[in-house]
Structure formats: structure tokens, C-alpha cells
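In the two assemblies presented below, chain A is common to both, partnered first by chain B and then by chain C.
Up next is the complex of A and B:
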């Protein structure tokens, strides 16, 4: 499905657009109190708004995602990252839904982030870029929704860090969305989660080419550190069984004598993942966005539930049984907090062998659930 | 969509505006009816994946968990009504589940097929396991793990401090019977109880 831009269920060619959502004169005041502007946002849209503008679904991407969720760009070797979900006849059927996906604040794929040029200095922000929170990411999404003149979203949907954004949005602005779909996410990282991120950040910051975050001025990039960070993170995105299934203990074909090179197929795979990642992702964005996840803890403030108590949101919370990055316990905690605030919560644990990355895969029970949920949500606003 | 008669009977027992937890909600038809017609809110619990998706399609919030072991998901006194419709005979620990229901809800509604129905007793006397409209399964292919008569069930209610506010005995055709007292255990094919701790 969707393996080809000419397939009937493919969106075909799509393009990324950019909007200036905040400016130097009208900046975004971040949760920290710092001001940030200008903020440009890269986004894509698929499908069409209906007459009463009630069919819009906002996709929040995960740590290293981008605005290109579906369809094809001219140079693409593969379709957008959630193309199996979005397109004609797919669970997010673009014949009926209007789908929006934006690169997140702090990212490096079209939206303002730490490697963007600071207009005050004419050089990249580097580590002078302010620390961000999930709430700040959501404020920029909200700005885009205002820009697109959508009065209320049918759904906000995301996996992992994307799920955190969907949760935060629903908790703080429940009147702006009918449903929130929170997949393989967490409302509070564990020590183990933070520990993995700490090693990733250390790999980046201890790379000599990191140069205290001023690497752009040196015309270098800390590729070794960023690749190591990605290699390690990638291990956590898959289950042990998934790695066994994919690679087992197979030798790397080009390896003939044991040594300290790439002897096993799994090593070759990780090396490749690390390498391609440095071609599309920025080390500073990795630092900033992984920190965003570490500090996310919305339920630490009991009053965070006041808004949804007054104005309930329909929630769909889902986890995958082999996900050890954000295990079902993380999702159960989210569902349970919402249940205790008497929200209409649907909660499923999906069986899948593939670990955290399952949320990106077209698993039948997973996609059937999403399809049923979106169809119902649409029928409730259009009847 | 009209409810099957027993669900309509249950719906009629639930005050409008209630927050309702339906344990073993199936495809969610009771809750969908209560939400649409009785201004109720609520949650279904279901473990069959196909039924969970069907419930989602009817707009019912549904949680996929095991009634036997995972009801600690729900907070104390968080629902007005907790329903266990034709499910008690399929769970491993009915006593603990009833206690959990009393912890979670104010009013409990339990419906159950009656193993003690005269026709069932006669089948057993003839040496055959009971089968009927309310117990339609062969012994080797049944979701039912626990077989109870109304008398046994009522004894369990009493032991764990559940007071029966109302009992509606159903005859073999599924309609409320006018049977009273001990005859119910002989003539009732099923019964619906309204209980409170």
C-alpha cells in the first residue's frame, strides 16, 4: 500500500509550505517566560476542509519526524512517514478528512529551531536558543491552526512525543479539539527513559565537532555523536524479538574475519541508521527536543485536569505490548489519570512484536481501531 | 437501534444522568442507548478485540482490560451504576469482582442465567448437562466458567454485604415473570438484580 505515488490509495505528490506564525514584534512567550520570534512553521495538508471546517485532524510528529507525513515529494525514495495511515481510503481517509502535519518548534526540518539564524545576531542560535516544553510546541501548532482559520479540530493525533503534544493540547485547550489520540506516549518519563536520553546527549556534546553548539560557524557538524545517539535510540525503538527476527546473529556479508568492525548484520543496520540520520537531522534539535520529553509531567499539577473536567475531551489512548521505550504502563497511567477526571477514555493495548516503532506500522488491529475512532468522531460532528 | 429486551430492561433500571460502568459491554449497545437517550455518561469494559472496535464505532468509550484482575484501574466511588450483564458466569473470581463493583459504584446491576431452572434440573436428572435459551452452550464449548443458581448467588450477595433492592426474574422466553420467593429459583431462567452495598 502506498509504495508508489501512482497507487490509487496514495496522495501522489504533495508539498511542504511555510508560514510565519510569530514575528520579532509579536513573539511567542514560552512557558519559561522567554520570548521567541520570528517562528516559521513548515507544514503539509492533505484532503480538503469541509464546508463547516469541522473535519480537520492535526498530526503531531515524534522526536525526529517532520511535516512530510504522507504522499510524495519529487525526490522521495519512499512516501511520507505515516503514509500507511493517511490517504484516499486509508484510516485517515483524505476523501473525508483534512489532515495537517507540521514540523515541531525546535526541529530542523523547516520550523524554527536552535540551528535557525537568530535575526538579532545573524548567526545560528546554538545553545542560546531557549529551552522548550511540550506546551511551547503546542502553542506553535495552535498558531498554525489559527493561521489556517480552523475553528475546532476534529482530532489531534500523535505517537511518542507526538502523543505528548496531543495530550497537552487536550488538557490545556479542551474546547479546541473534539478528540485526542495518544499513542505509545508517556506522561512522565522514567529514570531509564531519561538515562537513554542522557547518553544520547552526551554522545553529541562530547563530539569535538559540537564546539559548544557553535558548529555551524565552524562549518562542521557533530556527526559521530549524533550517529551514536541515533544508533542507541534505535535499539530502544525495537523489541528484542524484532531485532532477532530482522537480523538474528547473521554475519555482515562484507565481514570475513572477526574484529572490531561491522561483523554482524545488526551492526551494519545500526551504522546505516546512524549515518542516514546525520544527513537529515540536526544535533542541537536532538538535544532540545529530547529535553522536552524529559521534563514533560503534566499530571504533576493536579489542577491540570480542571479544564477537561469542565469541558471533556474524548480520548483514545493506545500502547503496544512489546514497547519497552514507553511501555503499556506509561499509557495506562495516562488513561487512568484521565479516567479519574471522568473523561470519556478509550484505552487499548495492541499486540505487536515490533516494539515502540509499532505506532508507525499498518498493524490491522491498530489501524482498525483508528479507522473506527475517526469515522465515529466525524459522524458526531457532521450528523 | 432497538435494544434486545433484557438490555432495554436494564436501561430502564438506570436513572437518567448516571455515570455508568458496563463490565463486559460487548459492542456497547447498552451504553450507546443510555448515552443517546438517558443523558448518561460512562465507560465499557471489554476484552474481546472485535467487540472493542464495535463499541468504538458506536461512540462508547471502552477500556480493554481483564475484569478479573484489572478493575483497580477504576477509582473508588467513581460511577453511579456498575453493570455486570450476563458476565458473572464467565469470570474466574465472581466474589472479588462483585466486591470491586461495590467499591467503584453506588448501585450495582447484575444479570445472570439461572442454573437452577426446573428444566435444567430435569435435564440433569436425565443425566445431561443443562442447555437452554439462557445456557445455550455445549459443555465443551462454553464461555461460562461458573454455574450458579439464584439461591447460591443470593447467598454470595449476602455474604459480601450487598443488599438486593430489586430482583426481576425472567421466564424462559426472556420476559419478566411474576414468580416470587423461592419459586423463582425453580421457575426463573435468568434474573436481574439491583444491589447496593
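Up next is the complex of A and C:
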């Protein structure tokens, strides 16, 4: 804890743990009515729980994230995905906060998902895995919080799909958290949002190696489709100006003769992103979790607001002005809905050239806002 | 010609003709230095050439268009792709103008392209077809105009890749046309533009049925990849608001149980667009012609403006305010470059909710602008 807060490895080495949150005998009943168990959850924690267990912050990750939000694993080439936010002296200061991050239900990085073994058959679930909702992801997080014996969270926060989980958790169980931080998220995807995910899913499912979802038994992986899905997604993660700034029309240095391969630098970037993604992510998880986002629409039922009306939560809703995957309009809608339910909402649109990816970056005005917000939240529960 | 101009079939039936513009012995020397011949060109004409052959308007089509711009073929379920613009009493009034439209070089709808038979081998060119540029497409159009014995065109016009051809033609051969109409086009694709096409090409080339471009010999077609390319492209052809307006989050009526198929109306739309595209378009043409767009950058060489400085052309440059494939910035850049070279440029940004697709639609302010422009152009050459 005495490490220099300016060092990128100030948090040091961390370990992923696994907990069985639901079992075959005591399964989770999903929003669809289906039962699912066992459910194992991979998670990491950083910092220490204080004496009255009031300093816990739960991080919800986005579509393709994992539990490894900060610090280093032995084989890491770079730190956890939100290491710039979490650590000693950082906005989520691990000298003061106890931070938890868990791989989400339906994922493929330690938590039960469609590529896990179905105990009923001894083979991967594949497409027999039940459809999920954001609420189901939250139920598993809640189970982990019970497992960790934390009576109430100081904050739940996340970006993109992570923000949807934070919002859903706060709406349905407001007594379980003091504040919710909803970043670059949406409460209702647009037709364009759904369209991009639809094409991504099509690329995966039409890959012959998808084998109707039984690719594990088939000993194949639909890498071609998954790479195409990821390449397309990366176009939407950056603003048009950011792509121009990073790549412009620069030729790819290794491009010899023009053709249909990698002639431009931006093509090399997409190719790299597609390739590395297939090495760490599962195609079925991509299907399930992208569909979770498509269907998320909590405010469609006005009664969803009854719980927070009775038990207000402090909300921080943030967007980035060049984010075109979930533009500021999405965040403003969330803030407006919450304000109509008389919630204390702070809304911030952050100026950033980097589009949707901004929520992962250490932008000063963004991090300063989060730092001040968490400091105040902690002072309010500990005063 | 006496048909009611309000009738959609006012132009009546038209026929596609084919002309051999270059031969094996007299091939076209491409911008790359490669020779290509024979080159057959499919074209249609509407209206009649006047006595002094001064009323000819050449239509350049976009990436996936064809020579059938207007009127009806016997088996048509709908009229040619720009039938709302071309016909008796329409903005391009075939009672007064002689309109020509030709399938572009590299295409697959009657004009020589990569799926054509290479006379040297007796099988399809495949990836041995030479790389093309916009200038090469224009050279073939010029050959057709010579074949039709038209000394000078009244106008060349086109949208998207068609607008690029009109711009290129005017810049390099300004004495061959009085006016150029450049609609929803670009003189320099952005990294994001290239990125979308890169993913589309990847989907095509990684489809196992692509067979390294020899799919004709392989008796396969890379329909999966081509459909994905088309689905993604259609997202970029409509504005986000237009997709919301058309589809919103409406469920697909035939969707029974939620899953990973077609649950939302927008998914049905994309599925349909992908499917019908594979029935009429060739994957190799998609590769070649999308790459033509990536590399188009005429103003990179300032000397390109020497010809029009000596021989000004009247330019009409138009954009649509919700077009995010080629935003107004692309058109404004074209207009600015031309103005710097002292060309008479009219620039119009048209208000339309429909994004890039707007250039194909009968929007009143758009058609009124074109009608007035063509009327004036004709009066200036015939006075």
C-alpha cells in the first residue's frame, strides 16, 4: 500500500478467486423462469474492507470484460482493464475503498456461461444455455456480495453494459447500495445499436465452425465470425475523428503491393483487434451478452421506479460527447427518467475525442469527477 | 413520350445494350499501367439525342448499381434504380434530355469485371483481375460516349461512387462536359469509411466459399460473407434516426421465441437486404469497387486542378444533412477545393432524415434543385 501511486503497477499482483454462488440444488431462477445452477463466479478484490464494512465498491464490466480490473497477474503484459482508475492514490483509492470486480454471468472468463460444462450432460451448454437479462447478471453479483458478507455497497459502477448493470441493480434493490455510477450506458438500445449487434451475431452464427453452437464438441471455434464481429464493434467504439486522428489514411508500413489485404494502418488495427479477441473470448458469450443488451429496457415498466421512489439512490450518470455507440442522448434519457422519479442525479457529459472507449481512459476531467464523487460518498457513510 | 409524367412507368420499357469498348488488340491501359481488354459495357439510354447532340446526360452509378437506371425491363418488379429522377416530366426530363447510364468497369451486371471470363485462360479472372481506380471507370465511360458519337456531354452526374466518377471526369477532361453534379460523394475517404469496407471485404474473403477468389471454378459463392458485408453497409446507408423511425425497437412479427435469430424488425430488414444482395451481386466486384473508393484522392496532387483552371466546369455539389457515410464535410471539402481552383460551384446541403440513401429518393427540395440545374444547363447550351 506504500507504493508510489504514479507507478502503473502500484497495486501489485492480484489473484482471481472463484466462488460457487448458486448450486444445482439451489439454482438461480432467471428472469425467464428457467433455473440455472451451479453458477461459479470469478472475482477479484482490491484494498481492504473497513471495520464497519461500508467501503465496498462493486465494478460491473462491459460486454467483453473480465474480473481482472486492476493490478497484475503473473503472466500479464499489461495491467487489469481499469487499472488507471483503481489503485493506491487513484480515483478509486484502494487505500480507502474495497473494490470488487466479477466476471458476469454468461461470460467466458471464469464465471459460468454458455461454454461451461452443463452438469446434466457433461458437455458445454452451447445454445441450450438459457437466455439472460441484465437482471440475471445482477442477481449473480448480489449473490457474490452476500458471499462476501457485505451488508450494503457504497457504490456500484460500470461503463456500457457495466453501467446497465449498475442502473438495474440500483432500480431494483436500492437499499443495497448508496450510489450508482452509470457511464456511457443505455437504458434502451436504438435500432442502429441492435443492427450492429445483429450483424455481429450473424457473422458468428454463419461461420461454418460455429457448428450450431456445438463447436466445443466439434473441436472448432468460429474465429472468422468472431473476429469480424469484433472488428465491426471496434469501429463503433471510437469516434470518426479519433479514427482519423489515430490512423487517417496512412498506409500500413508493411503493405507492399496494393490489394485486398492490409493496405491502410486502420486495417492493421482492426485485424489486430479481431485476432487477439478470438484468443481470449468465446463466441457464444458474445451472442448471449450482446442479446442481453438488445433487450434491456428497464423504464418500459413505470413500476420499476417504485423501489427507488421509496428508497432514493444517489446517481452519477456520465457520457462522452463523441460517443456514438451510446451517445449522450442515451445518458440524458437515463438521467431524465431518474429525475422524474425524484432521485438525486448528477449528470455529466465529458468532453473527449475518443468516443465510447473514453470510459476506459484516464481523462482528467472524467477521473476528477469520479474521485470527487467517491470521496463524498465515502465521507457520507463514514461521518 | 406522351405518357402521364405522374405514372411510375411513364418511361415504359427499356432495353440494356452492350458495346465492346476496348478489345484484346486495343486494350485499355489502366492507371496502374496494366492493360485490360476486351471490355464490354452494358448501358441503357432514355430519351432522344437532339439535332446538335448537345442534350446528353451521363449517369454514373454507385458501388452496387447497374445500367438499369430508369424504366422497366419485362421481368421487373420495380423500375430502374433512379426512375424517380429520369423520365418524361421528371427532373431529368426524357422529353428534352438524352440520358445514358452504364454499368461500371469492375461491376458484375453486364460490364467486364473480375467475374468475367479472361480470354487468356477461358475462366473467370478472379483475383487476377487488375486493380482499378475511379479514373479507369471514367475511361470506360468515355469510350462509350465516343462509341455513341457524342461530342460533348451536357452533364455527368452521380451519387456516392457515382459522384466520384463525375468529379474525376470533370477534373481530368473538363472539355468533355458542361456541368458535373457530385452528390453525397467524397474526394477522400476517412479512416472510418475505409474501416467499414475493410470489415466487409474481410467477411467476403474469409468465407470458405470464397476459395481465394476462384469460387466460380469451385462452383461456390461466398454468400455468407457477401450478405454480412451488405448488412453492415445498409447500417451506414441510413441515419440512426431513420433506422429508429423505420424500425425502432419493434419486434419482428414472425418472431416467436426470443433467441439469436430475427427478433427485431430491424434484424428482418438487414436479413432481407443481405439475402437479396447475394442474388444479384458478385463478391469480387464488391472487393474491387470498394477498394476503388478507398484509394480515391484526386486532390492529393494539386496539378489535377490545372485542367479545370484552363477550362472551367460548372459544378453542383450536394450533400444530405443526416448522411454519416459521406457527411456534408466530404462535400464541402470538394466544393472548397473546386472554389480554390476558381470553378463555378453551387453547393447545396439538403435536409433529409434518410442519411446516405437520400440521394436515391424523390425529396422535393433535392429534385427541385436538380430540375432547375438541368433546365439552366440545357438553356445555356441551346440558346
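In this text, the second predicted complex is superposed on the first by the 375 of 383 C-alpha atoms of A that agree within 3 Å, B and C clash if a C-alpha of one lies under 4 Å from a C-alpha of the other, contacts with A are read in each partner's own complex, and residues count from 1 in each chain.
As a working rule, contacts are C-beta pairs under 8 Å (C-beta built on N, C-alpha and C of every residue); 3 or more make two chains touch, one makes a residue touch a chain.
Model, not experiment: these values are computed from the prediction.
Touch criterion met: A:240 reaches chain C, while chain B stays clear of it.
Once the two complexes are overlaid on the shared chain, A:380 sits against chain B while remaining clear of chain C. Within the superposed three-chain arrangement, the count of touched residues of chain A is higher for C, of the candidates chain B and chain C. When the two complexes are overlaid on their common chain A, residue A:231 makes contact with chain C while staying clear of chain B.
In the superposition on chain A, contact of A:264 is made with chain C only, not with chain B.
By the touch criterion defined above, A:332 lies against chain B but remains apart from chain C after alignment on the C-alpha atoms of chain A. Contacts of A:157 after superposition: neither chain B nor chain C is touched.
Residue ranges on chain C touching chain A, taken from their complex, read 127, 131, 188-192, 194-196, 198-199, 201-203, 205-208, 224, 227-228, 231-232, 235, 240, 243-244, 246-249, 258-260, 263-267, 270-271, 274, 287, 291, 294-295, 297.
Note for the complex: chain A touches chain B at residues 314, 316, 332, 335-336, 339-340, 342, 344-349, 365, 368-369, 372-373, 375-376, 380. Touching chain A in their complex are the following residues of chain B: 19, 41, 43, 49, 52-54, 56-59, 61-65, 73-75, 78.
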